[in-house]
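Read from first to last, the chains carry the letters A, B, C and D; within each, the first residue is number 1.
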Amino acid sequence: MPSDLYAVADFCLIPMGTGESSVAEYIAECQRVLEKSGLTFKIFHFGYGTNLEGPWSEVSQAIHDCHTAVHRKGAPRVATDIRIGTRVDRDTPVGDGNDHKVKRVEEILARERAAASGIFVA
Amino acid sequence: MPSDLYAVADFCLIPMGTGESSVAEYIAECQRVLEKSGLTFKIFHFGYGTNLEGPWSEVSQAIHDCHTAVHRKGAPRVATDIRIGTRVDRDTPVGDGNDHKVKRVEEILARERAAASGIFVA
Amino acid sequence: MPSDLYAVADFCLIPMGTGESSVAEYIAECQRVLEKSGLTFKIFHFGYGTNLEGPWSEVSQAIHDCHTAVHRKGAPRVATDIRIGTRVDRDTPVGDGNDHKVKRVEEILARERAAASGIFVA
Amino acid sequence: MPSDLYAVADFCLIPMGTGESSVAEYIAECQRVLEKSGLTFKIFHFGYGTNLEGPWSEVSQAIHDCHTAVHRKGAPRVATDIRIGTRVDRDTPVGDGNDHKVKRVEEILARERAAASGIFVA
């Protein structure tokens, strides 16, 4: 097992005590931090959650740095919810942890639809 | 305030005690449930999280029904993490709660890039 | 399987856009809502998370009503993270879902410590 | 701002693919890891969530080490939900971040009850 597990994460950061209900400016600030981190990430496409993956320590550091950036921008408190997963049963292709999962679900549903329509899918 | 608040949610469901580390079959099961719910949803594109929005009670019922479906498929336990938000400061266009948020972040970053390049964006 | 699954939940509610970094007043507001719900709950003892259990629909309704109360108190947006679990492999004694889990962990650790000290625990 | 923000966290770890619906053995394993970390923590008292606080990097490392321990114990996958907060508006007394929050809510409710009964509380 690697001493720094490969992590696939999804986080949702909320600036608190800012007196503005829009969080878009803060999220944009995070995006800049993540771009600098060099990690694979996809931000905010469904309203909650920025996907981020890489060695656990780097993923954690990048989220920490988002907190620092959001505090600097004026938020006295920052609360984040992180969903993070690791696995040791197969190698996760670097930067492909999340895409892989989506593909598996799509394959299952495609096979099912094909079966329903009488077409065979290997 | 409506008696059933409009909710924008993101949930991540984990079947437990199944003895298989792949969750794709179960997630596909959820997708079928969500399709029947008639709610706006986007599933699993970044590995964690299915986005779902609508009246709170319907969003909650749809997630409950995913639990029922996953139990029926054989999981003795199901654990879900739900991020759910409501707002009363503006109307959320039906089915557009999440798209709207993404657009706001993109606008901010576009404006910033434009500013950096000397182009004016209203 | 019951049509309304018994749910053991833990939620963390964050008022947004309030311009105050303390959330204590809002949490107190939630506590009043939960007291009226009649459900088993324990609030905020470790800084995050209010534990709540009961039929899924009632748990969901109670959290919804917390959102309503917090909006009424002035928060334009409210974001909540809910961890919710259901199981069909054994009956959960009403109001005892969470206590039971703690007890199991304590038993394991007690047995282990006893074993280390040479004492037998059944 | 410190380069390693002080973090107050709450995490819920789920071993996946273990074929057993009880997670108590794995949680006990985590408890041993946390005891060695030297951080302030309280485990699992409400069924979900272990509270943990300290410098962000140490909190993150401790949760990472729980994943390693749970993988070693046989879980091919581990999924964790972490709620983590930082603040820069006041010093968090070391190891007191969560207790402080509880106290604030209790003060508010006590003051309110006293007011209702006609007693004055400063």
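Here is the rule we use: a residue touches a chain if its C-beta (ideal position, glycine included) is under 8 Å from a C-beta of that chain, and two chains touch if they have at least 3 such contacts.
Given the structure is predicted, the values throughout are model-derived calculations rather than measurements.
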item	value
Chain pair repeating A-B, as identified from C-D, A-D or A-C when over half of the contact pairs by residue number coincide	C-D
Between B-D and C-D, the pair with more C-beta contacts	C-D
Subunit B and subunit C, separation of their C-alpha mean positions in angstrom	21
Separation of subunit C from subunit D, taking each centre as the mean of its C-alpha atoms, in whole Å	14
Geometric centre distance via CA averages, subunit D-subunit B, whole Å	26
Residues within subunit C bordering two or more other chains	12, 17, 21-22, 76-77, 79, 81, 83, 85, 87, 89
Interface residues, subunit B side, partner subunit D - complex	12, 14, 16-23, 76-77, 79, 81
Subunit C partner contacts - residues on subunit B that touch it in the complex	1, 4-5, 17, 56-57, 60-61, 63-64, 67-68, 71-72, 76-89
Subunit C residues within the subunit D interface of the complex	8-10, 12, 21-22, 24-25, 27-28, 31, 42-49, 51, 81, 83, 85, 87, 89, 97-102, 104-105, 107-109, 112
